[in-house]
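Following: one structure in structure tokens, then a few remarks.
Note that the chains are named A, B, C, D, E, F, G and H in the order they appear, and that numbering of residues resets to 1 at the start of each chain.
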């Protein structure tokens, strides 16, 4: 048991309630492997400490998605995530571009995370490189964003094509969509790390959350 | 020592002089690790048996490239390869598309191989996905080919983009161009195997020769 | 929501109904992870737009295989796939050769795909390299095809042996059949990429569909 | 030969002189594998087209580093890079943090790239996690930056520690410094992709250039 | 059937009842894949032979955890382990430091193992590197231990940071906590093997047991 | 310094002169990384202790191959190995089958090792699977051997084909011959481990020596 | 449908009833993925063609193990295998040595396979290298065998220790026993391929069947 | 330039002269990639600050090994390391056990490091598992040590065998000795991480230094 005011000890977890002061963003509930009760307890604690800004829970089970509505949380079924409290004003814009319909959950997690962390969000789905006209049609929308998140599985080619069209900072998110020699997203990850387009950075496989935090930090600084 | 007429025994190698009868294409000299003398001996033997069609030697050292001119071979310095004897009439067209200047040697090996194996060849260089306009400009040329060879290193995205533009049979060649997490061409290889464009097949890293043989077989059948 | 006539927006998916015009082949329903209702909706849409040529759905669940019969689709239980609409006339021939009985589903997917994409199909099963006489018996059939698809798991040796017998363009399909150090098909994939027979190209592990599209494109050009 | 005004054809390379118009940043000479003459020719061409802003050449050989001084280029021996033309005004600040002295070349490449791409640069060397006091001493400097580049080899722990201290957007660069099970930088790469600190993105191993472009794009937007 | 008195043959297993004489520590029941009946039989046999010191069973199923209470065993639900017999006097101290709440089961296994093997145990949880103040607060506790066990998943950075703070012998335990490119704990394992802090050794992924045995052997020698 | 008569201490190495008594085969000099002087000293010592049977040195440098002739050793330039002392009588027959000319050094090492270890040897070169007739021609020779060693690089298919033709015990040796995705012999190694032919065992990449020892032990027992 | 008398076509499988004539050993039913009905059909067919020698089915499900007793098969529950027909006379001896109780199923599969293929079998269990006395006790039994099969998971050290004790031909079988960095048996496989004891050969992970066939072929030749 | 008294800034490196106060052990010069002048400068600085205890430089080039004698350093040619200043009194004993002569440099680095860090050292060479009698002869010496360092390449089996004989804390060091599927020491590393003997910990491949620091810390505490 700690008496450090920066930590809220719930027994099964010690919530870092000081993180917002230190880094500008509150802690987030990573729901994988947690029971609905645990998710509710941590989310509730974070909400109490940060009543005026939405707090976030990701990777929720069906049960947890259902349970958090009891404490007033808003649920995003595609992202498998929930928020509690009022969303902050949107500063700057993050555009989230995804290659295929199977990438939707990762793109949705990135979108919700970016929004909760204070950025405006614009989503562009289903613009995989095998049908290029769809991407060329939205070039202007890409250019107007303050930061891009590009989500793709399989061969992970989309960030290279987008990165060649516009000079906006671009975060690539490989997804585990694919089979055989995609090795759970490894093929897309390696492709993105080797992008021939300059200025592409990469996060872990399926890590929409990480991309959302990063992109929001970029966008809200620009938009400030 | 064999007395099989299908094999010419040179002591250090047994040349399969029957392969053309069996598969339609003569054996080829793979020059890696061979001395100039060995290359000359095998190339000469193949030429003797097939005087009316060019025979091919690939992956030649500087010394071997120089030496084979003594027996009348024609040298391709970019492809590091040489031919001896008259090129066959060209049936059908193979278009060879490459992403960057560093991919040139592999593209050149593919081009020469396809030509020696009886196809016409059309080359389109430097059309990497980070500058898409260059590729869109040549869409018609791509469509008119009987088979495409698409050569790319780094993230290996070019075959997916080309494969989404046209329905021509497409052989992708990953190259070892890149560094760090390209792992000697592995990133490009995996990307191509996971291409979201239908109808993309793949050969070994830097294997311009294999792609050339395959594509020529397709093109010359169509053009026959 | 798009108003691009080249895209049919079903809410959960945006069907690329322009692909046939662009590449000659209609989009295909990849059934993995889709509900029976989704499969039916997309397959129905594709059929409406292409009433005079069969459209295809692959990797269907038991439920989806059952459900699609309600809209008149024809089901292939081995391939776990279904077609809707009249099969096109067959131009040229694709021969599909497989090594063992466990490779049957992948071979069947390749066969149905090639047929739907306009090629005639000839299948030769159970000719693994451990019983060579079975393969030598069918050499003539191999030679008469316009394109070969060779399907094998475990050590993936069959394409090399077939590629040494005939000069027909050959697409190798590694399967995930095997255990231990086969690493889900990686052993067969690497073997095929390193084939000593010239003119062998490779697709992703278990990707019968990709091989079928490619081979049909080759065969129907030749047979045209 | 092209007559596209967006491309300058030097025979051995086709320079994309349109890239600055398209993405805001001119093309850069990647010097690996290029002769001093080739580096000079491309760098000179880029300088002619962009006389009022510095152009950059990276990964230069000893010979090329020496040769480019003849055309007035300024050389950075640690970064193994050179610039030609006046540096742009600095907008915003990129702080470049590195773990050990062996990481210096990668950090220097990142610093020079960020500066050439229009950002101010602040470097903090030798603050590896095994001597934490050095890092804690510079917390304020980290916080004042608009974007961080954190360079580390071996176990790649530094980005996680920095990312827990401040909320500035952070690009991590794994280096190939290490031996044995570092596998040429793979250990650091995987560590950074799995960082427990939110908002960490990653580039390829030793890719100081890519991190520099990205970070400059972020910083100059903020500082604009 | 053996008549070697050093082996107790239970039919389904041959218990090495001589190990304590040979190495100072009795055999331990590795419960994975064993039925509750088998666990009880082996644990009972070991207890009979070593009535005056606790014997240990690890990696128990829910059923086995429940069943062993029937023979008087004490159960640790977090560690998924049980002991039978009186704990030995504690000599020296092992401090067990873990990064996150998900690492708790591995840390608990290490703690119980060290205690059963004769060391005193001090646990420090939830001191991941993204919140450094928590670790700096406990520096004195780290320094007073005779051996440290540091448990972390994801990027596995904690041992490097701890190893830079104090000179106590340190055993690092990577856990399989993480997703995507953590590859089941491989990222943390590689990071720990490449630690820049001197004097860090590593055990297998999730191997709390192995770390506990080792650390107890160190601590009890010092404390003797 | 030891006074154990089973060990001859040369200062830089301790020769296990007891191994022949223990296992039936004398120790062998592994020449990689040893100076000519060291090779001569160990080979001489082994010869002194076993004057009536040849002793063996493998993996010799050019210098060592030249130097050992001074002490009367017989050199095999292809195998890069040397023997000293009279070859034993040959019991049983090992047939060594190799796929290509590049596999010759490994096949030669296997042949010489088997001969030195007491077996008769029969070599069959250049019978790769891409030219099957060459292999079918020698089926009888394969069948008459007491043990087979099958050497192949690239896709490593030869052992499966041979293993389907005859029931003789078969040791497969993958070689590092290949490029790109052969990964230094890994492709051939995995293929051989996954052979669909029953009764195939495998040794390390390029390990002709290990295969030779094993096969000789089998053959000389049968032939005894 | 074939009319080749060497093949028995059951519709779902084509049984190679000629294999015994060709290689001396009948085909074996690999039960993984087969229904009880299919196992019974193939096993019955093989028995009909080879009524005077036992035929074998391996990797059977619980259902198949139960079902085959209906046609008179004898079941080995540890090996998960069954035989039908009289066992052949035993020629020579295969000794099967295993490291731990978890390796029992693989060792049992090897033992039954060797017995069915005509060798006598002697099993020695639970002699892992962490309790060396157990192994030294049975040195004589090892020496009297005609071929050894050594089965081990985890670090796979047992073959090296056994191979240093006796000169009998030794086949090593890595098992998937282990966790974490054992990577499903890869650690044991690599260890065995790198054994410092001469004359060790290796089969695929968990491949008791392959080792059994090979060892029986060696033993029965010696014992003939 | 820093004015922190804990850091000595040499321009090309910032020496952490505070480390001994913080962790009990002075910084060590890692010589790989450093010029003789740099090694001398850092070693001299460390010696000045710690005149009464030896300081260490490892991984020295031939030139550096020669040069450091000029400032009075003592050189260990096998370890490729040097010390400057008087060795500390030896507390406790570290026994260093190695498998083969090729492992000597790593064992020597471990020995010198342990000695410099204050422990007594006892070395036991050439006791590989293929000649077990050599190891059994020294069992008593193993038991009397306070900590063991066990060095082995190839299959890395030695730590498991030693760990089964005695209960002394054991640090295993995999070496890069081997070829083919040893993958630069990966095989030995994985084997050691999966050791079936309890209480084995592991360091990076060839990391004799790390093992030496760790073992000295254990031994000198016990011997204090």
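Throughout what follows, contacts are C-beta pairs under 8 Å (C-beta built on N, C-alpha and C of every residue); 3 or more make two chains touch, one makes a residue touch a chain.
The structure presented is a predicted model; accordingly, all values stated were derived computationally and were not measured.
Touching both chain A and chain B: give me those chains, sorted by label.
C, D
Identify the chains adjacent to both chain F and chain H in the sense defined at the top.
G
Of the other chains, whose C-alpha centre is the longest way from the centre of chain H?
Using the mean of the C-alpha atoms as each chain's centre, the farthest one from chain H is C.
Relative to chain G, which chain's C-alpha centre is the most remote?
It is D whose centre lies farthest from that of chain G.
In terms of contact pairs by residue number, which of E-G, F-H or G-H shares over half with A-B?
When the residue numbers line up for over half the pairs, the pair is G-H.
Could you tell me the distance, in whole angstrom, between the mean C-alpha positions of chain A and chain E?
Their C-alpha centroids are separated by 36 Å.
Take the average of all CA coordinates in chain B, do the same for chain C, and state the distance between these two points in whole angstrom.
26
Would you kindly tell me how far, in whole Å, the mean C-alpha position of chain F lies from that of chain C?
Centres of chain C and chain F (C-alpha means) sit 44 Å apart.
Two or more other chains touching the same residue: where does that happen in chain G?
In chain G, the residues touching two or more other chains are 131, 164-165, 180-182, 186, 189, 193-194, 198, 204.
Which two-chain combinations touch?
Contact pairs between chains: A-B, A-C, A-D, A-E, B-C, B-D, B-F, C-F, C-G, D-E, D-H, E-G, E-H, F-G, F-H, G-H.
Residue numbers of chain B touching chain D in their complex, please.
Where chain B meets chain D, its residues are 101-102, 125-126, 131, 133-134, 137, 179-182.
Residues of chain G touching chain C in their complex?
4, 6-7, 12-14, 16, 18-19, 32-33, 174, 176, 184-186, 189, 204-207
Could you please specify the touching residues of chain B with respect to chain A in the complex?
So the residues of chain B in touch with chain A come to 99-100, 128-132, 136, 154-157, 160-161, 163-165, 178, 180-183, 186-188, 190-197.
Residue numbers of chain E touching chain H in their complex, please.
22-25, 28, 146-147, 164-171, 189, 193-194, 198-204, 209-211, 213-214, 217-218, 221-222
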